[in-house]
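In the two complexes that follow, chain A is the common piece, with chain B as its partner first and chain C second.
Showing the complex of A and B:
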């Protein structure tokens, strides 16, 4: 038991380090570009070299990586190459909006996925397959056409008033949260319904039903424990997908959260910002997997069966 | 059986229209012909977009790039994943186990995040390819490795080995064809995910350069005009949804044939 916990922690740490290496390697490939983007190509030669040196971009890659990692560990991920403001400040300003969106979507998606997980072979099951195939942006636009266009219940664009918490205008959160939650619920339900159908078909579940155990009790006591480990794994992967999904949703509905910050930083090649936000998202994924591993270790004695994504 | 034929036929027809669309639309897709967001009327069955261009022509022309990027990425991911899976399942050595473990880890990372990080250094289509391969090939690898491992003891494999055929030939001529439905279903699922990824990157501004039309870009550009001309948003949304659903349905039918 404690061995498994230690193993899970160790793997999470290794995973996070691997993510840091991958993010850094992918983004540090073109060191001069942020300077070039900022200057609009007007600066060349010695001046460019001086600016790069000032930004520390002329040092060897390994030194820059260790420097960056050290900065992260001490809570200083550097400064934006575009605006010059500290990355920590940019992230701090926007984290709340994205966190509210992701948590809101999870609160909605989990019960929906549980309800749909028994849908195999029904009309709702066909709907689940179709919904999981839709690009999230189509879901967002469809919801906007329905709720903002047709019924005019909520505004089509979610511009939050500056300096106010996101929940001060709940109507603005409806479209982004639904857009995140519905495809995620469909995905999670699609992943789980095979497992759920298998468990429901087991003799002891039939037995319990025949003995007259009420439905909810069967679900909780007989089906639940066997589905828990794969469900937690699917939940962790879904949480990661939600974090990544904030990029599309925030851009589409005009909210300034972390997702929108990441997209803007990728466009301007603002490497320190991309690195920090991408690693933060990776950390959320790793934390989710760690929690799923720990919960699986706590609830079962066998090895956790991993949920499949497809 | 007939349902499957109809589905495959309809999807093929859809793909032909999507790929040939730009030729049908001609240069009307990039010309301003009406007021911004003009509602549907004579000559403009779906009205006009934000810049007064014919929405119908743009919907016709706007699927090819997305479909090509998604299809190409899916093909590369499936070929790499199936190749690695055949080898992993067959050899079952320590390198193969390491590969499977690495694949397991990659599965947890969201595709979109991979693609966005790749988009810092690469153009949009290449980022879709990277995201699809890194996020999709591991799944193919795992599924193909599982069935390959199970096939090692099968009679037809032992017969081929007994005839003195080299392992590579047995894998490509005997094992792969035996699981072709599985691989086809996998290709379909990769294509659905790659289409979602290509659409997402396009909405985020890493798609085809304007003024070239593209369904996802149309969604983003015309969302503000929703109250004036809903067709400018709904038409590309429906087009994307139909293509994605058709691909997913084909993938499921192919999968159903292997009786799972």
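Showing the complex of A and C:
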């Protein structure tokens, strides 16, 4: 068991490192660097080279990566190549907004996904697939037209009150959270429907139902443990998708979170900022996968297996 | 099996959605009465300012990519001069600027009643420090102070500055306009936040999107009508429109043309700022086929300007007459409007030896709305005179690195800057941003003569003649200029119609009562 936990932790660390390398390499491979974009064709030759050297961009990519990694491990993620502001400050200022969106979307998406995953029938399946396939921007515009335009329940933009927590006007969170949650719930449900159907069809579940065990108890004691590990895995990937979804949602509803920061940082080749935000997103996914691994380890000797033997 | 009927699923989803929406809306409705006195007191102006979608910069002297940053700087810091309604410089921190006989040594007199928020008076030393800092960041601010020899300039006394120019330069008032944000001398750290300023407002807080400003009651200027200004940096123009229409803000800067008519019908005020947006088409005068002035003229004559204006700016703007800065005070106003003349254009192409036509690539991007449409339409309009243009749309992030100032034929961008700024950026031989490769020595010497002319009227005439020559001989096709439109909630007044840096000053806007 402890060996398995150690293995899972090791795998999580390796995944994070791989993500960091991949993101760094991808950003470095983009045409033009931060200095070129910042100076927008206004300078050339020696001037350009001097600015590059000042920003440390004249060093080989491997050296830059190791320098960045060293900084990160000692708690300093560096400074923006565009504004000179500390990355920790830029991320810290915005993390709460995005976290509220992602957590809010998860709180909504998980029960919705459970409900959808248990549903059976072709129509339900088609609906789930269709909803999962909708791009967030379409969902967002549609929801805004409905809830803000038609019914006028909530404002069409989410301008959070300055200097107060993002949830101090909850109505502002409705559109962005729903826009993130609905396609994610549909995606998760689509992934889990097959598994859930298989488990429900197992004899011990039918047994329990025939014995008169109440529905929720069946779900919790007999179905839940078998679905837990794949569900957590889907949840981890969904959480990553939600973080990615903030890039669209924040722009659409006028919010300044990590999504907006990431889009701008990629556009301006602001590598330290890209790294920090991308790594945070990766950490969310990896942490979720780690939890799924641990859950799988814990449930491998759970009641469901005993039930199967019985 | 106990499969639910298909209808149940839809109902379930709809119920979940509605319950959540109602619950959250209900929460906020309960909180709203308590929050509203804080949120929308009548002495607060909430401004959705255009942003480049980037994290706010705190350095007033480098690159200010988003207007929201200029707004924040213009509230916090004093500048030396500001553009007036006619685009000519008006006093701000500088009360007078007078040259010697050579027009190379300028005495700039400063107000003696300006003070930074930390109590220190603003002196010539602070001004010189700030100008030198701008000079040091020339690579980021388009060499804004390139006409000055800042090392040779000096502070004569606490309220007087001696500014030395590298050549006779009669338009020093214009050169100091807009961006000359004055900070305390010897300030080194511009990353932690805005440093003490002497402007009409003082930053008191905020978050990644919003900076909250409170009126600086010690400011020397006219008392601002609002006590608090909230500046929100919002990148998406549609989100800015929605924000003002739903009452979340009082003023939205630079909204899409398509939103203006419905908003006016709904009672909002549209503040039009003519001459703000221009997508001139660059033809490099040193590269075939555009090195032949007849080809450039043919392009100018083949262009259907009205169609471009109607399509790209939805008719909200003016036809272009190939004048590069039509709203500059010195731009000639009496030239006939250039109209399509395909016969003459074809004749010019034949004269240039291109009767069989020519293949060219027309570069464009999606950095600003309508740049791509400009290229598509123009390519169609040039086909009848044998110019077969292939439109290539480049990614917006690298367009100004790869295409701008490099390619021979592309859609460029100019946003409401004065003629002499365009000269410095785009018409100076040897500069990497001399995008049309304009290097006519007689034009350059005529420019030097104009700038050495102490008489404002004759100098204006000379500058006008230079612009007329550029119109006929230069490499810019200026087919139109788009208005910028700001949307204001009912009761908001005092929004300036200035463009460029002038649009960044909102301290005299009256909030809704």
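The rule is simple: the second predicted complex is superposed on the first by the 293 of 310 C-alpha atoms of A that agree within 3 Å, B and C clash if a C-alpha of one lies under 4 Å from a C-alpha of the other, contacts with A are read in each partner's own complex, and residues count from 1 in each chain.
By definition in this document, contacts are C-beta pairs under 8 Å (C-beta built on N, C-alpha and C of every residue); 3 or more make two chains touch, one makes a residue touch a chain.
This structure is a prediction, so every number in the text was calculated from the model and none was measured.
After overlaying the two complexes on the shared chain, residue contacts for A:170 are found with chain C alone; chain B is out of touch.
After overlaying the two complexes on the shared chain, residue contacts for A:178 are found with chain C alone; chain B is out of touch. Of the two partner chains placed by the overlay, chain B and chain C both lie in contact with A:148. Using the contact criterion defined above for the overlaid structures, shared-chain residue A:236 touches chain B, although it does not reach chain C. Touch criterion met: A:15 reaches chain B, while chain C stays clear of it. By the touch criterion defined above, A:135 reaches chain B but does not reach chain C.
Contacts of A:79 after superposition: chain C is touched, whereas chain B is not reached. Once the two complexes are laid over each other on the shared chain, residue contacts for A:252 go to chain B and to chain C alike. Touching more residues of chain A than its counterpart among chain B and chain C is C. Look at A:267: by the touch rule set out above, it reaches both chain B and chain C.
Shared contact residues of chain A with chain B and chain C: 148, 156-157, 251-252, 263, 266-267, 269. Chain B meets chain A in the complex at residues 104-105, 107-113, 116-121, 139, 142-143, 186, 189, 192, 195-196, 199-200, 203-206, 216, 219-220, 223-224, 226-227, 230, 233-234, 237, 240-241, 244-245, 247-249, 252. Residues 15, 18-19, 22-23, 26-27, 29-30, 129-130, 132-138, 141-142, 144-145, 148-149, 156-157, 236-237, 240-241, 243-245, 247-248, 251-252, 262-263, 266-267, 269, 271, 274, 278, 281-282, 285-286, 289, 306, 308-310 of chain A are the ones touching chain B in the complex. Of all residues in chain C, only 1, 3-6, 8-10, 12-13, 16-17, 20-22, 24-25, 27-29, 31-32, 35, 39, 48, 52-59, 63, 139-140, 142-143, 190-191, 205-212, 230, 232-236, 239-240, 242-243, 245-249, 396-398, 400-402, 404-406, 425, 432-433 touch chain A in the complex they form. Remark: chain A residues 31-32, 36-44, 47-48, 51, 79-80, 82-86, 90, 93-94, 97, 108, 111-112, 115-116, 119-124, 127, 147-148, 153-157, 159-163, 168-174, 178, 182, 251-257, 260-261, 263-264, 266-269, 273 touch chain C in the complex.
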